[in-house]
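Two complexes follow with subunit A in common, the first pairing it with subunit B and the second with subunit C.
Let's look at the complex of A and B:
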């Protein structure tokens, strides 16, 4: 009774706060800042271990803004209720973690409680980090205490009333949060336990890949069966052969984690950043442990799907031939490691077609990695295809070459288009490129090219289009970037 | 123009002026050496997703007719005349050639036809004089030998071909002639990285016709991919879809070798590389001794001027711009056609192009299936592959059917005698679009005393600098050679079983209006000594040893092939010399 009332009041807020995972993270893949281990406070071994744990936790993207100092926070995580802003976790005494003890830091990760602001929102994934051992948390603390301190005090509480009341999180925690470090399963191998520790803990994979209930709590019975969040659907990771990882070999998984590419798919958007900042920098041992654990996830049940309409299939095939077959081929086979195959493509066949509809609407760019430096692009079709056409071509691709998935409706596409439009650039064909250099299109000379127009030259691992929020084919992350001052190429970019 | 004081920027190891093929190659090579490298590009940033994604890459009006990827004459052009006695006038609309601008340069909109010059092309003067006598070279013809041999350049051709994944069939592997390839080519150290493109119907008919005449047709070496390719840098290209939009277009499918699809994904990730776009270099600066370049002065899009000091300056702009920058900067003695002295602007050359139209009644050729370098070629009449005795010319060219894609606005083939408009014209186009092709001949142009580049005395650009002035015409040698090639092409057309043919000889003076080729060469040529050439064999300035000049401006005369392969090979050759010799001991690499 009491629970029910509280739940009803908090439902929207909680859902949003939880799913407001940082989308649109810094696009320039940067090296972690070097620690200063000259003091006697931490051993170099502990600091080095902490640095690697920070990679395992994928901490950098959310706590760094594009062009800003590493870990200085300030990254807005947009939600329909207002932005959530990440914290400065550099050792600055006033604005960062400089005054924090290791106990304070452990409480934040383990209990979701900040020394400064009280209850944290679960956009900070403490519901997963609670599994991390005290020794590992201390090592992360040691690393974060030795990186350059940056004074930066981003205005974090920008949520409107009543969502800004952090105390409400106590209720949510009581309902959905189970604090407790990872408890190894003695019946499983050490490798499996290591994998489980990483996936459930620092990796916080379930944050996206586990479905949530109406209140935003993880649906534990459906763990890793794929999760929806604004504009995306993170795919099923279970042993299901059509929508999960059941048909992937271990070698394919390993290649994906290392390079962002394999013969089945290519990492874009959110997962692209996970690969760039985290999995591509993990040790082989940890990747193998993760794979061992993922392999043990029982397959999700096969969905029952009714046959799509003949009309939609015919229209879809014509559109596919015209618009898609050059890269993905008429038989859906794609081009190995360049253009993902659509035959047997798990992402394409998810029950929720949000991700693939998004890819067609606004396009995407594969995340470049050292072994696979080319950022291939899926172009945006929002300006070119109607909702009906996109629905039909998706229905066709979801039901051809052995694929089976529910038909996509034009209404679904229209809804997504509306969602994406205010934030993204469903832009017309660029016209400004007709002009030779116009005034006002240049950044100041001497500025770091990563932060001026040449930045979208794709310097570091940043796909060039990433930097331009008005880009027709920018990767999905762009959708969620707040508007910012145009830099040099935008003034003559698409528009 | 009011002179602005330039802001002096921190010094850097290397500044590259221009960021097309040679800029990307030099950037990659010199950053590998650990140098800090800055590239200044006058045009905008360009990438596949932003400028030519597959959703609109095939927009013929936008890209070809409205010149989206090319230099804009309103910003910069040059003045043109055929001979020194005429007054040059500005080219206000692009025509005969289409210089690129922006990242990737003309390497974005090229066709991908990737050639090596013949060994004898590197000995244009001595080889012809030896075989045909000194009298075969008229006094006004100022051709020179290259200061290096084909064999010296071979490893560097090879590097470029493997960078790009060039599709082809070797005709000469280490001296052994290979069936199916070009039997006239110089020896290759290894096979092409990828197999030839599959051939369409028109190139197949051409090859059959050529074989009937005893020639040895071979597939055009192609920068359009016959299959997916991962190059030595790890950069990937996709297989060509034969959409027919290469020539004057950017490729939306990552299927055409360009700086963007072969080098930039790796180069732009390097911390010791920086690219500044929309930054146009005004001058190369030299110190008081005029023996050392101190850097460059450039202007940004807002008109702000900056001085960028550098230890090494590498000109990587288009051939014509390289020459103009040298002239504007007062580096090297300007060429004087009267006395024949001076080197900057000397030996400007071009390409001579003719066609034979081929019409069938009974064959559907599907000419819209195309790619920029998709076709079959015969090389029997190129360079000195044939006996020129009694012909009255030297040099030659290749003859081919290159099915680059019969794009709808451009392609309306009609046989001779068809009205130029009205229903009869429409019927003829409808009848012939699918049933016709054409055979281009792609001829060399020798260099002449009166073909040269200098600064125009009258016309200036937006920054107040004199425009480049081009003085150029075809010589008698070129007309004779081109007519000879045209007749050979017509014979092949007949052997193909054509219903009718039209011979389009190259007549009269060079005309700047119709598109011919963007193969402008010479003006800052390489040679054996500072009296005859601007640069030594390593493309290093004789006068200013820390200045290197890339590009086809280095060609002493133009051969019968497309220039890109040789331009890139010379860039790799120069980069290798910088890495292995110059950096150890900065100074002249060849004693003057």
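Let's look at the complex of A and C:
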């Protein structure tokens, strides 16, 4: 194929490769299903190792729908062209991986090739899983082959033509995919190498945290400098002190991975899921290895930003004081481990403000974990703040209390609003919806409901004055006032 | 961990008694909110001209403009009442409106078979009928003193109106006038936060800790409504 044609075909895949993950955050964290190791096929040790590797790889949330059977697939991953749906990876013969050999399974993780459907889409992070050792993949296979088989055949190919032609992914792979297991760096410590293996491989952190080029391939030179995907921006993880992890201590990082929060921030949405299903269940040794590796990422260059406009800052300050200070405090200092401080907040100062604009538009709930079981909520502002106002309040917060970042544009917020389609979830009460608690006793139209439950029930409403003593207040006093008349209006109640 | 709220027994620091952790959270959905529906701009939608004339005249007697500033008219109270009567309140949407219809006690609140919208319509018609019979003019056309006298008698219950309880109507009108004077401006009344400025209420604010130690100093921030204040926009 000529290079031009290759590029044209690749452009086709641009958006498919750029997909984010499903936006639905699970309500609760579920345990991995217990394996059945009674057969002689796999050793209990191998199965147990595989279970832990599945945690390291965060396989569960992508392959499970809320309320559905674990690993039975069906979770839709929205793309601009339709949903990409995850597969059933339980050992069911017909619909899952029951008929797969360990070689078939290795090919899926290592090469992105499915025994069932051919080329897989990179929404399944095989470009990272390719780094995983054969022994580890075999252990994952052992675990997945011993969990309960579930018959579930989610309709996977829902993309319209031509995006549904899987063979074309070969072109994308040729351009952007480097298959190959992790190659340890002999000049680095064992701990560093373990961290690199986890972050680049099973942890697939770069899937979100590394920027992509226009064709959806990872920008290798900008590794871990922060990446955008629909609805979110995963922040810079390099040693940069303002937007990266440069000013976080090791203890703060460890606390974040274990509990989902620390004195600097709180995990929500996509990262909340990573913490809940993966990092919070990792061993301390592996977390320390990840931290050692992250510490070695050279700081991304400081961005040059121009000063924000004075009107934006003035409007932003007014909004911040009136709307945000209750939780984040007037001086941006927040409340420890409840409401993140905005002063010095790295997530807030990312070059791309998508995540924080999202939080202001639709709100957020902190992911609860065992050590921090309470989920705090940030309210949604889409219904009361305009795009311009959201841009201004973020511009203010990004440039106050020592923070410095580019102004946010109302156009960016508008685009995100169109994508997230926030709606008021509480429907207005329909007119006249207050139902009688006991409809059987309800008076018929034109009858007097005071008779309900008596022998006179159903009698036509009598207009005599004495039927409603409330209105018989006589006309005393010296004013020449008319005598009380029958109450026609009162007989026409809303019932 | 199981689905749904999780319970586990963990030792509470500093005590020998194990505490119970109840995990789980309120149901939460991105973007969910119970928005205040801002009252629409423009002229009256519920009141007919004669009714609007009565309400404008009556609320101007209840909260008149004086040396302290504007009154109910300046605060757009009639507009507030108009929008309320046109909406859920006026239609008693959220109220139980069936019988039995016994004699209510004082603490039972609103007790008629009419929705507030029907109640206003009927009462205003009846009041103007009485006024015309007594003075040859509708209430709105009376001079201020006469209007005050009329309202006083209405309040005392000494007046019998055709088909409605005049005293109850006076109570409702006064209540709605006060509401319209001090409500959040998103509902159409309290225009320019005139009521809040009068009493120094800072509005829908949540953060006072910052000012707690600033004794004997005026609260420095201007009042703010649910829909904001002018300074939010450039």
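Annotations
Just so we're on the same page, the second predicted complex is superposed on the first by the 407 of 495 C-alpha atoms of A that agree within 3 Å, B and C clash if a C-alpha of one lies under 4 Å from a C-alpha of the other, contacts with A are read in each partner's own complex, and residues count from 1 in each chain.
In this text, a contact is a pair of C-beta atoms (placed from the backbone, for glycine too) under 8 Å apart; a residue touches a chain by one contact, two chains touch by 3 or more.
None of these values were measured; they are calculated from a predicted model.
Within the superposed three-chain model, A:258 lies out of touch with both subunit B and subunit C [touch as defined at top]. In the superposition on chain A, A:365 makes contact with both subunit B and subunit C.
In the superposition on chain A, A:380 contacts both subunit B and subunit C. Comparing subunit B with subunit C, the partner in contact with more residues of subunit A is C. Look at A:128: by the touch rule set out above, it reaches neither subunit B nor subunit C. Contacts of A:311 after superposition on the shared chain: subunit C is touched, whereas subunit B is not. By the touch criterion defined above, A:337 reaches subunit B but does not reach subunit C. In the superposition on chain A, A:420 contacts subunit C only, with no contact to subunit B.
Residues 326, 363, 365, 368, 370, 373-375, 377, 379-380, 383-384, 429-430, 433-434, 436-437, 442, 449, 452-453, 468, 471, 473-474, 488-489, 492-494 of subunit A touch subunit B in one complex and subunit C in the other.
Against subunit C, the residues of subunit A that register as touching in their complex are 23, 27-31, 67, 311-312, 314-315, 318-319, 321-322, 325-326, 329-331, 361-365, 368, 370, 373-375, 377, 379-380, 382-386, 388-389, 392, 420-426, 428-434, 436-437, 442-443, 448-450, 452-453, 468-471, 473-477, 479-495. Within the complex, the subunit C residues that touch subunit A are 1-6, 8, 21-35, 37, 88, 91-104, 111-115, 118, 122, 130, 133-134, 153, 156-160, 162-165, 167-168, 204-207, 209-210, 221, 224, 226-229, 231-234.
Touching subunit A in their complex are the following residues of subunit B: 7, 9-10, 42-51, 53-56, 66, 68, 72, 74-75, 101, 103, 228, 233-236, 238-239, 241, 243, 252-254, 261, 264-266, 268-269, 274-280, 300-304, 306.
Here subunit A touches subunit B in the complex through residues 323, 326-327, 335-339, 363, 365, 368, 370-377, 379-381, 383-384, 429-430, 433-442, 445-446, 449, 452-454, 456-461, 463-465, 468, 471-474, 488-489, 492-494, going by the rule given at the top.
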